[in-house]
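The letters A, B, C, D and E name the chains in turn, as written, and every chain counts its residues from 1.
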Amino acid sequence: MTKKLQNITDKLPPLIALLGFVLIWQLVCFFKIVPSFMLPSPIEVVLAIINDFSTLLHHGKVSLIETLAGLLLGIILAFVMATVMDRFVVLDKAFYPLIIVSQTIPTIAIAPILVLWMGFGMAPKITLVVITTFFPITVGLLEGYKSVDKDSLNLLKAMGADNLQIFYHLKFPRAMPYFFAGLKISASYAVVGAVVSEWLGGFEGLGVYMTRVKKAYSFDKMFAVIIVIVIISLLLMKLVKEIGKMSMPWLNLAKNENVNQK
Amino acid sequence: FKMGNASKNENKEKKEFTKITFCLDWTPNTNHTGLFVAKGKGYFEEEGLEVEFVQPPEDGALLMCSSGQAQFAIDAQDTFAAALDGDKDYGVTAISAILQHNTSGIISRKGDGIVSPAGLEGKTYSTWESPIEMAMIKNVMEEENADFDKLKLIPNTITDEPAALAAKQTDAIWVFYGWGGINADIEKVDCDFFFFRDINPVFDYCTPVIFGNNEFMESNPEITKAFLRACKKGYEYAVENPDDAADILIKEDSTNSLQGADKLVHESQKWISKEYISDAKSWGYIDSSRWDRFYKWLYDNKLTKNNLSKTGYTNEYLSE
Amino acid sequence: MILLKAVDISKKYGEKTIIESVNINLKKGETVSLLGVSGAGKTTLLHVLAGISPPDGGKVFLMEEDITKNPGKIAYMMQKDLLLEHKKIIDNVALPLIIKGKSKKEARKEAIKYFKDFGLDNTQYKYPSQLSGGMRQRAALLRTYLSSNKVALLDEPFSALDNITKSAIQKWYLDTIKKIDLSTIFITHDIDEAIYLSDRIYILKGKPATITDEIDLGNLKKDTEKDFNLTEKFLELKKMIISKLV
Amino acid sequence: MTKKLQNITDKLPPLIALLGFVLIWQLVCFFKIVPSFMLPSPIEVVLAIINDFSTLLHHGKVSLIETLAGLLLGIILAFVMATVMDRFVVLDKAFYPLIIVSQTIPTIAIAPILVLWMGFGMAPKITLVVITTFFPITVGLLEGYKSVDKDSLNLLKAMGADNLQIFYHLKFPRAMPYFFAGLKISASYAVVGAVVSEWLGGFEGLGVYMTRVKKAYSFDKMFAVIIVIVIISLLLMKLVKEIGKMSMPWLNLAKNENVNQK
Amino acid sequence: MILLKAVDISKKYGEKTIIESVNINLKKGETVSLLGVSGAGKTTLLHVLAGISPPDGGKVFLMEEDITKNPGKIAYMMQKDLLLEHKKIIDNVALPLIIKGKSKKEARKEAIKYFKDFGLDNTQYKYPSQLSGGMRQRAALLRTYLSSNKVALLDEPFSALDNITKSAIQKWYLDTIKKIDLSTIFITHDIDEAIYLSDRIYILKGKPATITDEIDLGNLKKDTEKDFNLTEKFLELKKMIISKLV
């Protein structure tokens, strides 16, 4: 009962804030404070979503596939890089600065180049998603590996564990919370990455659809796409959070118990 | 960046088709009608071709063709100059003109007095800031003794010209009459329009133009010819049957971007069908005198480092 | 019979020599404590004995075998962070078996036998954060035991507990150690604890630190005597040790 | 002496990695593994930077002004938001989800809308920089405020400190490391934010220059711009790091001392 | 004269009552210790006395004034995290003065006077992380003193120190407290410490906890006697207290 109550008092404020935001938006449109061609009203946007639903679904699917493929490859890349960099300090020193540099390159500039190199298929889009997503995961994992305290390390060494065992029993599980924190950030950027690359060259996906409706001055549809992107991003983040919770049962426990114990 | 897309189709049951990737310059519009007709009517198929239309990254059709990602692409003679002018070989050649004449010009709100370049003085113009574009505007204004410095320039972020004019976002926009001009009529926005070619004949250059990848064309001359044959047939059909062609365009466009724009497409088609062949001996022919004249003008006006006359195009793949 | 012998151990960190010419030995069944002020180098010495920190001089022998720089031969219970928070108690405890190559299933089966003896019933599938301090200590000790080595090194095993809970665990510890026949060296800076638990005391002192004294308590019958640490004998000993420590 | 040596062994690996990267790039171009119009060689890019120096400087200045203005406003906005949200839990609950939502909106989609609303001046660019930068700073500050332990808080309360004093003496200094961590991330995104918004509508700045050279097929100049963007981003990050170091003298000390002490 | 008086204090966390009907008082110049096992509720009680945690019942009086829920009247030295790492020692120590409205300059001037007395010469402009454990303790105590309240509450002031360093600081503490004329209540779970340092001992016990015993040590001349905690008198006391604690 109190837990339910807690749940409500947690969820009420953002709901009210959201409703308030939408209401103000609607009023601004209703009283024509901003001309309607510049800002569609929320109702128009909702109608656009409903009317365009099948189109949005189609393009959304394409973007989602690119996002997920990119995210998966990004995870694999990040995992390999972080693990190798953690194992060999020289590589860490050598590549960490380059990785940071890679993050300051505007995706909008490299997207067209990628299309030029890789063609019209999904490859350049997925590559762009990989580029935007591997960084937070790599940094997260590296930080996670480094967070392992010397004592735990010594404990396993004293048991005679080899590097692989130390990795499996200690480093990886310890890095998991960091990994998921990084993954959550990546997930929030991944969809946007896919959309940007589609925007700059492609014939399917939300980004393409967006350029199209923008050219047609259909701002209501444009906002509809934005909302779809936001929803996909949020769902993806939620998914990451849930997977994280499931993969790390000891963390939730700790929280519940600490209240009673200390 | 191999020519992977050009490899033979492995499907043994059907006839073996040669796969062609064709990069458009923009979302499908009536400039492309012949191509879509060729696809819809099976003209490509008859030539043993399987053609896929793709859209380029911003302003990148030519590059996609250079890189071999597409065998053919649409671009314009004016933007092609920059690629020809450098010390790098982009390996593309213009092989066919879609429209014989430059149908672009300046559109403006009726009543603002921009019926000719002189009217631009003191007005706002949305520019892409390309040097050639600026030089052309300057030239046409000076033809009428107007002061280019008195033209106010703002960045061009416009995609719906009539709406932008109606909203007074700008006073003057560069459009292709066959689309933007017709669209204004459809949208019932009263507009003035003038063609560049009417002010200075040098601006009657070729736009839009089909380009081909040299490496591909040299090793596959027959396929190239076959491709253009099918295109030609498509455009000829469009000249004869504008309404039917317009419907095919709308139907064949896999992006569905023309849905709901039936009226615009049909009206535009009616106008533009007359322009596909126009005064030429047949569709696609690139008039070398007009091509060379424009490139010479660029050179004379220091817009290119080299004199590009007589470069960058060929009519050899066109059939009579 | 001497189980563990460390000969002439010295260890530097950077330019600084922390311990020098340390000689130590441990007989079968014995409990020996290492006493010294904070920062003396007690943990450093145990790291060397356990083989996880290479000495700059000297050797460590288990029976006759040279085990210098060779971890996994001696059980080692670290100063803190005893249990891995991400593993259930059963897997924490079975870890040494798994490291030695047993399957998870086998290791669990082996480990589970001892839960009752160590007073850990019904904690198998809990996580460390769900256990009280005393239970965690016992789980760590069970893990140390399951590494099935004859010798165990314990670094301040009871320092995390408050003084009152501590004495209960210490009593249990003495009993258990006898039952499972473990020979141990443990670190403390609590003189009472050293006297109460050990057969012999080494005092580590100086910069760099060496063994300055060795006190044999073998003939004291402390575990039979009730409230031994409140007797006069105890006080005399304590006075003597303090004088040697400072 | 050993410190100097340390410095060299720290800086050597990334330098070698960078040189190796550039060398491979040059070789790829030299042996025409990639056609030169698709990938300019490093030498060409360097030449482009030298030749275009004054132009790059001019546009770089514009982008930098937008970046700095946006960053400054972003900091102010983040500071006000985080502080108010920390003070009033309801607002935290209400707005935190909305802030996260705001980060999943693709900037490439809102940049044109901002131009539409605010015109072609610097306003929409600065706004975009603010939108991309305020988030990491806000999150950092919030986390920092929350990192203050109950005991320190009680200590100040026991001294009779009021909320303002607690903020000044405890919360703010404790949040500073988090603030600077967030700011560093923001700084790395800020320049890109400015460039994206220029790219989508403007007269001056690196983004505009980039579209221009792209249209002229000058990929060497395009890469030159990218490198300038990277350099500006890195300098900005370095600046943030140095300011952070100067503002938090106790952190550096702690590091130096701990080596000797523990 | 009774300085501090707590009447019928009770405190709940959620549904759980932690302490109930606690009555405590502190006379001028007195040092009183609060003894209890971990988790008994000692810190909870001190929070209430300091005014930073509102009680669910009862009142706290300083002299005759009701100071319930009114922090800033009594100096309070917390269990840990004594010094703010981001402030120099001088500013840490001067903090209570600054909080009370003095300018930074004035506060520093006032604080600097006491550095010598507290054995903190030359540490003024250092950061806490640059000080040894003992010095940090002294700085925290100086800060507590500078809050210029007559009464101080100390929560396990010495628990972070190892047993050997601890006794030196305890001695210094007894001397200093007399010099600066502070009346204190301090928490410990170390019986030796309680006996050694305090005039009176309260024992906090039970769930919910109350004061179950009060032991007056006023007539012991412990500070004059050398090695008092190794005498028989001490042992008797300790035995008695243990029996009351468990």
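Going forward, a contact is a pair of C-beta atoms (placed from the backbone, for glycine too) under 8 Å apart; a residue touches a chain by one contact, two chains touch by 3 or more.
Model, not experiment: these values are computed from the prediction.
Counting only chains that touch, the fewest steps needed to get from subunit B to subunit E is 2. Within the contact network of the assembly, the step distance from subunit A to subunit B comes to 1.
When the interfaces B-D and D-E are ranked by C-beta pairs in contact, the top one is D-E.
If you average the Cα atoms of subunit C and of subunit D, the two centres end up 50 Å apart.
With centres defined as mean CA coordinates, subunit C is found 84 Å away from subunit B. For the pair subunit D and subunit E, the distance between C-alpha centroids works out to 47 Å.
Once the centre of each chain is set as its mean CA position, subunit A and subunit D turn out to be 19 Å apart.
Counting partner chains per residue, subunit B has residues 1, 58, 63, 67 touching two or more of them.
Multi-chain contact residues, meaning those touching two or more other chains, occur in subunit D at positions 34, 38, 112, 116, 214.
The touching residues of subunit D, counted against subunit B in their complex, run 34-38, 112, 115-116, 120, 200-203, 208, 211-212, 214-218. Of all residues in subunit C, only 47, 50-52, 71-76, 78-82, 84-87, 95-96, 98-100, 127-130, 147 touch subunit A in the complex they form.
Contacts from subunit D toward subunit E in the complex involve residues 149, 151-152, 154-161, 165, 169-170, 173-174, 176, 248-250, 253-254, 257-258.
Taken in their complex, subunit A has these residues touching subunit D: 10, 13-14, 16-18, 21, 34, 38, 90-91, 93-98, 100-101, 103-110, 112-113, 116-117, 188, 191-192, 195-196, 199, 210, 214, 219, 222, 225-226, 229-230, 233-234, 237. Subunit B contributes residues 1, 58-59, 62-63, 66-67, 79, 82-83, 86, 88-91, 128-130, 153-155, 157 to its touches with subunit D in the complex.
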